[in-house]
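Presented below are the structures under discussion, each in the form of structure tokens.
Next, two complexes with chain A in common: one pairs it with chain B, the other with chain C.
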Partner chain A sequence: MKGKKLKNSHLDSLFDGFLKEEGSIILGFKRDGNAIGHHIFKGSAKDYSLINPFFSANGAIYFRRLFSKGAKLLFILRPCEIRAYVELTKLTQIEREGIVAISVDCPGTESEKEKTDRASLPEDIRDYFKGDNKKRWACINCREKRGVVGDAGIRLDRDYNMWIIPYTEKGERLIETLEGELTDIPIDMAISPDRQTDSFKTDMDALRSDLKRCVLCMNCRDMCPVCYCVDCVFNGDEYLPRGDALLNKVLRTGSTDMPQGKELFHLIRMYHVSQTCVGCGACEEACPQDIPLTKYFKGISERLQGIFSYMSGRGFDEAIPYTTFIEDELKDAED
Partner chain B sequence: MAEGNKETPEIIGFACSFCSFKASEMAGSLRMKYPEGVKLIEVPCSSRVDPAFIIKALMEGADGVFVAGCHPGDCHFIKGNYYTRRKIAALKEMFRAFSIDEKLRLFWVSASEARRFVDKVTDMYNNIKETKR
Partner chain C sequence: MRIGIFICHCGHNIKSTVDIEGLKGYFKGLNNIACVEDYPFMCSEPGQALIKSSIERFGLGRVIIAACTKALHQDMFKNLVRDAGLNPFLLRRVSIREHCSWTGEDIEKNTSKAIRLIRAGIYSSAHYEPLEEKQVEVNKSALILGGGISGMSAAAFLARAGIEVYLVEKEKELGGHVRHLEDVWPVRERGKDIIERMTEELKTLNNVHIFTSSRLVSFGGSFGNYEAVIENSGGEIKVIVGGVIVAIGFTAFDPSIKPELQYGIDKRVITTLEFEEKMHELPIKEGSRVAILHCIGSRDEIIGRPYCSRICCINAIKTGEAIKNRFKDSYVESFYMDVRSHPRGGEEFYEDTQEKGLLFTRANISEIIPEQGGLVLRGEDTLLGMPFEREFDLVVLSIGMSPPKDNQEIAGLLKITLDKDRFFLEAHPKLRPYDTALKGIFIAGTCSGPKDMEESINHGRASAVKLYGLLNLGYAFIEPFVAYVDPKRCSGCRMCEQACVAKAIKFDEGLHIVRVEEAACMGCGLCNATCPSSAIALKGYKDTIIDDEISALTEAV
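Presenting the complex of A and B:
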């Protein structure tokens, strides 16, 4: 595989050059003293940061329902965010035409909720790679920390040299504007592919006990980048009744703990996102009750993607398994 | 999940109106019996069954759910049941992860297979009755 070796100054000119064109913007991270977070850059990419060691939300959610053709956008985000973007393009929730998506090697992130002392944010990202930090469960068990998804990737080799690698024609066109020649990238990179984890196994008692404190606020759904239905089944009275509908249901059935329907809500959501979930943990991050959602959503989605040898966000051209089929398959599905 | 204290299992079956549902009607007219606890819901195609329906049925107290459609290749809408197969195979995998996979079955039953329909649902019923003890 070929890429270009980068200096920070190269990136500055690449990003500023991109922003010079009328109507172009960049979605990435901005560092402001010790604070760091998602930022939309227009005009200048001053104070951008390739890496954000604190996770609050999956950035793909900000441009969901972007339908305008030709808008010039550059995404410089974590692999899980670019993967969610890729899934959203397949779900026709983002018009891909004018967007170039760059994934950056991710050393893993800490939860924003942990209220980490921001003063400890290292001056140099290298220290973060080495640093002893409290990474989120989602990151420790991340399936793809490498910047190998999207139109291009920014990766670090063992000696912490930065590389930019094109994966699509769009990526190639962007990288052409950089000085230097494409050369073979080193085989040894700072972040290597992850080993496969065991297939997730649990039972209903464990789920029920983990959901004990769930208040059904649905923040987890609302912050999930790939849970996009405008007409969500949980918005009406059919699945999670309230008011008159709840009264009628209770009179028909009997006593019930409240809120009612926690397992129903989470299992249905789990199935609905099973092929598109990227395991980012944004759901858990959004949960006010600290429910360990990621282990279920990530665990189930990896198992269900496995049946079809699918991986969410890996490629633009791989169809989401439920939207296609092979005639001669799944012979043992029938009972 | 609602506690199922009923002695007899309750099974919800989603049956395609072009095949399995026809087979159930034929079973009726031939006076073949299948357990009373099996409640059928007619759907225009097995692929109309959103797995959310199945999860809802189970979480609201059903002891088992089956989806019955035309044999692969015989779908009235040409390819609906191929999607059904993918969706239900995945749902079964999810149920396996939660150790509740015995609660879901997928049957292929054509309109003329009344006997096959009765055998399949009776077997499922008896199986679930056994585990309910």
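Presenting the complex of A and C:
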């Protein structure tokens, strides 16, 4: 695989050149003192940061229903965010036209919920890969920390040199504008494809007791990057009856927990997102009750995607298993 | 809402095992029930009059008829409700006979079940909406795929009835397998003569368009307005047809996949089809020894053909008879599993040939060993339980029918299901033997399983009659139970588009939502189940209807 060696100055000129054109914007991270967060850059990419070591939300939730209408967009985000973007394009919730998506090697993130002392944020992104900070469970068990998804990737080698590597024609066209020649990238990179994951075990008792804490605030749904419906079925009272309807239902069918229907809510959401879930853990991050949602959503969806040899967000051309029907699939599930 | 419940005794059929008074008492106590009536026969004229007068008297908004299954009298009850001034889609039928009173003798249990069933009717019908059947225009034209005996029979019927017919055949000439038969039993005519007579007839009809050496390459549209593209050496021709008859026939079984039979290796092993074609060139004379093997490519689990091909026994007997007729002193022995001389007169024909000296031995032939002098058949006589070896000069394999070669391609284009043997599957083996999932698309002849000529002709004509019945009026009513999209809820993710079998869902680029082409929708509900937002639902079968129906069935009485 070929790529170009990258200096910070290269990136500055790439971003400035890109933003000069009318209607061009960049979605990435901005550093503001010791705070880093998602930011949309127009005109200038001053104070951009390639890495955000703190996770608050998956950036793809900001792209849902993005039909660029001629604007040119550059995404520079984490692999899990770019993967969610890829899934949303397959579901026609985003038009790929006009968008170049670059994934950046991710050292893993800390939760924004943890009150970490941020006095010593390193100046250079390379230092994030060296430090040993307290990572989120989702990041420790991440399926893909490498910037290998989207149109191009920014990756670090063992000596912490930055490389930019094109994966699609769009990526190639963008990288053409950078100075330097395409050369073979080193085989050993700072982040290797190996990963260690806690294997997911079905435990209905644990699930039941975890979900007991749910207050049905639906933050997990609202912050999920691949939960894309414009109007969720749980917005009406079809599934979650209130008032008289609830009273009628209880009189007819018997007593119930409150809030009612929370298991159903999570199971239906699981059914809807399990093939597109990227395991970013945004749901857990949004949960005020600290329910370990990532464990369930990431664990179950990875197992399910494995059955179909599918990985959400890996490629633009890989169809979501829901949307395809192959007569001879799932033979081992028949018995 | 004012709901009327009408409970039928069906003579003693329901009354004897369901407590009608108990039912009436239970439902009279529920809210919104305007009247609960019972009558010995609701389908009789006084019964109908009772329903009609009650609708008018109580101003009913829903009518629930608890009687026999919906499959009976549905049109009559619908018309009755319509005559009384109520939309017929506000009628609910509840089966308390087939699903309840006939299932057991226990009055208490049956009554409790009847209550649940009727209650499910009440809960679900509360969500009903008045619906209208839609009228669409229908093209009086038909596409017939396959110009064999079945397709030609269908074409002749439809053309004479005034339907424009497009007959597509992939070979150079019409006639299929029948054209190559030397002696058609029992009429004792040449197949070619029969085919040419039929071809002449088709040519005299000016509304038959015959396309030979042609194939169907694409297919779309909906009933009444299907669009088919036919390709041949002259290019592509697009035709709009009201309906389709698929009669693509069968492929003769190729015995070379059973190498122990030496077919294709030794020239003295031939098939019944080859025997028909070169009967007079065969190396046999007076005194020759000929073996005929039944069930080649039929009733054979090992090669995945467990079915009986139905024609091969007659073919085998006919072959033996032909040899015996020519060479009286020849020795002809048939090795069979069972003799199934299916069609009328077949059994008598079997008896006659036995009298002519044809020998029948029940046996399993394990292999044929070619020797210098002749072919040695090794097998087991299954009546005596004894192994044997016998030498013959010629072996004729009575081959069966295999599914047509193009079945996958045609099934994909026309959305026809294949059965376990890869023949086309009919909608219902008894009640809808010619229908497929799509309205106006019928199957005829051997593509839906082995048939003899007579059956194939009947099948072709029957499909033609069914299609004519649909096309004749020039218009059709489509059921209102079609999918509809809630535009406010649709996210435009196009999942439903992938799930739709009838290709009825179209994506609107401008609004970024999907819409349903009602004429094409079959109302199967696959899209409904696929949509994560519940933005797409079936008219008359909304999620809430089904949810409430389930809870009504599961609640305690």
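By definition in this document, the second predicted complex is superposed on the first by the 324 of 335 C-alpha atoms of A that agree within 3 Å, B and C clash if a C-alpha of one lies under 4 Å from a C-alpha of the other, contacts with A are read in each partner's own complex, and residues count from 1 in each chain.
Please note the rule applied: contacts are C-beta pairs under 8 Å (C-beta built on N, C-alpha and C of every residue); 3 or more make two chains touch, one makes a residue touch a chain.
This one's a predicted model, so the numbers in the text were calculated from it and none came from an experiment.
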Query raised in the report: After lining up the shared chain so the two structures overlap, which partner does A:187 touch, if you call chain B first and chain C second: first, second, both or neither?
Result: neither
Query raised in the report: Taking the superposition as given, does A:91 touch the first partner, chain B, the second, chain C, both, or neither?
Result: second
Query raised in the report: Which partner does A:322 contact after superposing on A: first (chain B), second (chain C), both, neither?
Result: both
Report task. May I ask you to decide whether A:229 touches chain B, chain C, both, or neither, giving the answer as first, second, both or neither? Result -> second
Query raised in the report: Which partner, once the models are overlaid, touches more of chain A's residues, chain C or chain B?
Result: B
Report task. Answer with first, second, both or neither: which of chain B and chain C does A:299 touch in the superposed model? Result -> first
Report task. Using the touch definition from the top, say if A:330 reaches chain B (first), chain C (second), both or neither. Result -> first
Query raised in the report: So, does A:267 touch the first partner chain B, the second partner chain C, both, or neither?
Result: first
Report task. Would you check which partner chain A:207 touches, where first means chain B only, second means chain C only, and both and neither mean what they say? Result -> first
Query raised in the report: Is A:308 contacted by the first partner chain B, the second partner chain C, both or neither?
Result: first
Requested in this report: Under the contact definition given at the top, report the residues of chain A touching chain B in one complex and chain C in the other.
Outcome: 233, 253, 272, 322, 325
Query raised in the report: Along chain B, where are the residues that touch chain A in the complex?
Result: 1-2, 50-52, 55-56, 59-61, 66, 72-73, 79, 82-83, 85-94, 97-100, 105-108, 120, 124
Report summary line: Counting only contacts in the complex, chain C reaches chain A at residues 488-495, 498-499, 507, 512, 530, 532-535, 543-544, 547, 551, 554-555
Query raised in the report: What residues of chain A sit close enough to touch chain B in their complex?
Result: 199-204, 207-208, 233, 239, 253, 261, 263-264, 267-268, 270-272, 274-275, 299-300, 303-304, 306-308, 321-322, 325, 327, 329-330, 333-335
**Report entry** List of chain A residues in touch with chain C within their complex
**Finding:** 65, 67, 91-93, 228-233, 238, 249, 252-253, 272, 322-325
